[in-house]
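Shared chain: chain A. Partners: chain B in the first complex, chain C in the second.
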Partner chain A sequence: MIVCVAVVGHQNNPLYIQSFTEADDALKLHHIVHCSLDVVDERVNNPKKTGPLLNETFLGLLYPIENFKVYGYLTNTKVKFILVTTDLDVKDADVRNFFRRFHAAYVDAVSNPFHVPGKKITSRTFAERVSTIVKSFGLSSAV
Partner chain B sequence: MEEYPEELRTPPVTLAAMVGCADLHPLISTHFLSAQPPINTLALPHLSKIYLFERKPKDSNAEVPPLPPTVVGGILKKDWLLKHRTKVPAVLGALFRAEHVFGDPAQWNNVCSDLDSIKTVIRGRNIKLAVVIIHTGAEEITEDKMIALRKRADVDAKYIVGVTTRLPAIQRLVEIKFVSEQLNFKICTLLLHSGKVTESVAWFRQHKNAYKRLVGTPEAIFLHWEWMSRQYLVFGELLETSSKTAQIFPPITLGSASKLLSEWEFHPAYYYQLAAHYLSEKRSALELVISTTETSSDTDTVDSVVPSTYVGQFARLLELGDNVDMMALTDEEYMRYAVSEGRRFRDSLEIIALLKKAYESFNSGNIQRMAALCGFQMGKEYFSEGDTDNAKQIFDSIAILYRKEGLQRDTGPAGPASLIQRETVHKEVFDLVTENSALETNEQLSNLKITEDKSLQLQVDLASPLSLVMIALVAFHEQTMKPGSLTSISVSLLSNLPHTVEIDQLEIQFNQPSCNFFVSNAQKPQSVGVTDNQQRRVETSTSLTLEPNKWLKLTYDITSDQSGKLECLSVIAKIGPHFRICCKAESPASLDNLPVWALDDCIQSVPIKDNILVLSGQKTIQVEEPEPQVDVRLGAFGPALVGEIFLVPVTVISKGHDVYSGELKINLVDVRGGGLFSPRENEPHALDSHHVQLLGISGPEGEEDSHLDSDKIKQVQQSFGLISVPFLKDGDSWSCKLEIKWHRPKPIMLYVSLGYTPNNESNSQMVHVHKNLQIEGQNAIELNHHYLMPFRRDPLILSKNKQASESDLSQSLPLNQKTLLIVSTKNCTELPIRLKSISIETEGDVERTCSNLHGNEEFSSPVLVAPGREFKKVFSMSSDNISKLVLGNLCLTWRRDFGVEEQSASTAATWPWVVTKQKLPDMDVELPPLIVNLECPPYAILGDPFTYYIRILNQTPLLQEIKYTLADAQSFVLSGYHNDTIYVLPKSEHILSYKLVPLASGLQQLPRFSMTSVRYSAAYQPSTSSNSVFVFPSKPHFKNAASTNFRVESVANE
Partner chain C sequence: MAPVVPRSGDSIFANLEHVNAELFTLTYGAIVRQLITDLEEVDEVNKQLDQMGYNIGVRLIDEFLAKSNISRCVDFKETAEVIAKVGFKMFLGVTASVINWDADGTSCSIVLEDNPLVDFVELPDNCQGLHYCNILSGVLRGALEMVSMKTEVTWVRDMLRGDDVYELNVKLLKQVPEEYPYKDDE
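Showing the complex of A and B:
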């Protein structure tokens, strides 16, 4: 189950962050998202280590923490997508698929002429679409 | 980590045993010890000792006698690994001599039976067997014997696994976890020792995942969290020490076999952070357990619980006399024991320590956000511990990052709060400082409570972040004020807090404490006691409520008796009995610089209505000196005249003030700024350079000694004077006169200032009166002089003639002739002047060269010269046998005329005469070769002929050829030559005579005579003035005496 997704701008400023849990742990999830930026930075700043991942947008598992796993995705414009999930056994393909759809939704949202680049995404349509993508996570491979 | 036994922490140490050939054992064990890594040896001197390795007959017999009920079998005994270092060897070396093996069959049988017995012993122990043949080289080793030997020594492998189900549920889980913990630790240690970091991390992860879900029963869940925390901590420490010692950095091989490992799992800090997380889980779970279970009084059972011989098992120690027995625990007993153990530790400190380790580790690796999260959690721990200082410090340091990355809205305490949150927080703070009763019961905040001995005063200025709370603008309505008079002061207060602030009392403080005043809130009377300020001014305002972003403007009258600067220093707002906000007062003129202004666009209105005050309003006002009630009058009349001692009367008249320790300062200043004296005034020769000089100060009129006592004149310099004024009562007056002398005509400004104190108190203020007067300095008299020959006698002076064209500055006088000196004095002033005398005085030693000087006498009575008029005096002299005429100085004695006072002898005698001197230039004297004398009657009568003689005197010893001309004149008919050339004999006179008949009456020009001396080529013409005669229409009738008078007058009128 996805508990949190986030879009972070190229200056590490949060553009969109949404948690999908009943519990009151939004702050904790925000912290986890924020900390994951360290991992993304590390990956970006040390491309030698990442090797074949140099040109790949999907960053894979960033780090496991407590009961969560954090996955990352980096666009060419240095916008980061972060996914926090509680599932222990996650298929890579599912995550990739999720990020691809999430990215598409983001591109559509920022293509809105009324959106100011670098500002928070306030579009309700985007939120609904993200929520749909999150709900269908894991199901897509079955379909 | 140190709590684990040594055999778990350290790399494995091999234990080898030897049997047989005891003489070789020391040699072998020394060699093994020196090996890398060292190998311990266990030397058995004889084969019979081999039973030491024999397994205890625990599992060899199925009918195990039932264990005593006090002892429960476990999984691992405590010496499970230790025995492999000291008791049970990994390998047993059986040493046989070669001759025994390859010798006679009896010996071979012996070897075989030995091997068999060894094998039976070591089979259960999984001890490897090494057969060593001691070979001296003489015997032959046969292959078949070796094969047989190998067959005999063959060993099977054996593994053991065991699970116990005897313990109650909780303790069983605890035991399993303890055992797995130790095994995991050992495995990880071994992997890390061999440099297999990735495998070690993967192993740990597997270990952690396997046990993560085994939380156990809810009441014992804290044991699980504690265990989890310990796993992370220990592994983190292991990782840290191994990376320190071995400098192995994790080889990141992502996407391959260890694709699920992230590089984060190689950071020890990651494990510390999680350890802290699980420890805090444990704390909350433990707190829950403690709160639900009643506190147990059964401390005996708890005290006597000790670890039993099996790993992860606990038992109760029973002392029955000398015997010590172990009793198994029920789960309830065990829980009590665990809870009481858990209580003994302060988990917060442990958590903080863990987080600090993680924080520092992340920070050193420049992993900011992780570090910030650790810091954030650490700050929370500090805060819940009540250590607000540390908490704030940490929050502040990490808030920078959160602000920078725009996370403030999401991260709560780190960033600025929203307006509603701010309002809540501020309200709480104000409730706290106003000691609102609602909060007094709150124990958490009791240490923040403000009491009498912990009163709080905030210092707020514009630079401080607290300027949001309150800023104060103060403006006086005027720039200057008279002492004692009233002016208004506006105090404007603004609070940018999101809620209203009610002030109980305002105190406005000035640099003159006597001006301080209070403004109390009418709605909260007597809420703030003003006990010690009874004499102070207290104003009451209907409301002292600060609306958010709205100016509160208060205007009050203010007065000050003390001259000088009056500055508003601060405005202190008192809220509640022990809380004060001290705002530094600011001027509205400095509004532009207010950071608050720039930040907030929510100024509703400028606080002060008067626009000028907004721009120029200042928090300071100049309090002037009290109005002097003493008049200083400078009574000088008219311009000053150069040379005279000009008196300026100064009168000090008291009109209401007594004058104590009065002092007059006098200053002379050049109006045109040119300076009145040369810079080096102290040099004696420079005295002359003072164009205007203050000579002295004379005392009041009518005093016996007109000059003041020397002690009263404190100082008189060329342009500066200081006089002390005696004590004057109200109504008295005092006067003195300043004596000023002008050397050059120059206007000056005279400044007189009187400083005094109106009363005799030491601290009273000086009052100053300033007066000034511009005085013109004028030249009184213009002196002129010229020389004159006798009437109608004109000598031909060659030098004069020569220079006539160039200049006539250096006049020459004829030798041996009578000469007149005419001195004219012109009054240049606008005042009448009295002349006492005009005389010519010799200058020093220089001798006067002229003889027969006449007219050097005083006038019988002083002559009055009206303004603009001239007065002339005639001196006559003869220049006999001299070559140069030196006369000396012209001395003029004069003074200004005092009109009516002049008549009284007393004043006339008092006034000093001024002597003005002017040097008369020296004159050359030379012998004229020719002198022309025109002779003509003093007057003529119309139609009456008269004779006009022209005498030409040759004074030279030479014959002089003269060409002359006599021009016709309109008014005369003449007879004789118009032109001619004549010769004048040496030292003789030639006379030309003409008969003239006047044709017109009045002053008429005689026919003009001109001549040329051929010898000197010098043309000559008598002066025009001597060439006219008055023609009467008929013969006049007057006395002889009058005719001389007429002559004098005509000269004077020239």
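Showing the complex of A and C:
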């Protein structure tokens, strides 16, 4: 079950945070996303020698916390997508797929001439598309 | 000499040079954003877009007539059909349809289901009065004025405001007969 997705800009400013649980723990999710940014910076600055050189975008499982798992994805413009999930058995391919579709939705939202880069994403279409992607992620991995 | 057959919109569109659709959309978006930043008033921006469209239309009509070999239209109904089927297809790559003719054939609506100018666009809350595609109404007005028809073009439905299609209402105000600069008896 995906708990939360977040988009963080290249200066570590939050551009979009959306939680998908009914519980009112938005602050805790903010903290988790914030801590994951440190892990992302560490991964970017100290690339593992055995790490893949081509697909630097998908960072994989960043770290587990409590009962959550946090996945990261870095675009070429240093914009980071963070995914927090409570699923125990998440396939790598599913997460990559999720981030690919999320990236496409993000690109469409940013192409809006009324969007100011660096400001929060206020597009309603983007929010709807993200909800759709999140819902279909839950279904495909529930097999 | 064999009569020249008017070519359909698809065949003309296929023979013209194409530009990247995203470049076109992003350029138009940048124009609108800059107008909003410069003029600040939504009504002013609408007027400027209309004026820009008018300037484009008076030049575009010559290219349209040259490339499409359309013969003289008999009445306003045929004019509207030609605009929707050939004109829009040739320049924007989308086919429009004509509906809602009124009783004396002077007013109709051109409906566009798909509009390349507005890909990725969402109107923010402070620009709700903006007719984003107002340049199109100016283009139609300018082009028709060059073929002796004074028209008034307004937006009826706009997808950016929540409707399901784009609808332009074209109303013929009067047909101006061609004036010759020289009098016959001088």
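By definition in this document, the second predicted complex is superposed on the first by the 131 of 143 C-alpha atoms of A that agree within 3 Å, B and C clash if a C-alpha of one lies under 4 Å from a C-alpha of the other, contacts with A are read in each partner's own complex, and residues count from 1 in each chain.
Operating definition for what follows: contacts are C-beta pairs under 8 Å (C-beta built on N, C-alpha and C of every residue); 3 or more make two chains touch, one makes a residue touch a chain.
No experiment lies behind these values; they were computed from the predicted model shown.
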Fit-or-clash call for chain B and chain C when the two complexes are aligned on chain A: fit
Partner chain(s) touched by A:Asn112 [first = chain B, second = chain C, both, neither]: second
Dominant contact partner of chain A by residue count, chain C or chain B: B
Contacts of A:Ser123 with chain B and chain C, given as first, second, both or neither: second
Contacts of A:Asn13 with chain B and chain C, given as first, second, both or neither: first
Partner chain in contact with A:Leu62 - chain B first, chain C second, else both or neither: first
First, second, both or neither for A:Asp38, with chain B first and chain C second: first
Chain C versus chain B - closest C-alpha approach in the superposed model, Å: 20
Touching residues (chain side chain B, partner chain A) in the complex: 209, 252, 254-255, 259-260, 262-265, 270, 274, 277, 362, 367-370, 372-373, 376, 405-407, 410-412
Chain A-facing residues of chain C, complex: 22, 25-26, 29-30, 32-33, 119-124, 127
Interfacial residue positions of chain A with respect to chain C in the complex: 108-109, 111-114, 122-125
Chain A - residues contacting chain B, complex: 11-14, 17, 26-27, 30-31, 34-35, 37-39, 42, 49-53, 60-66, 88
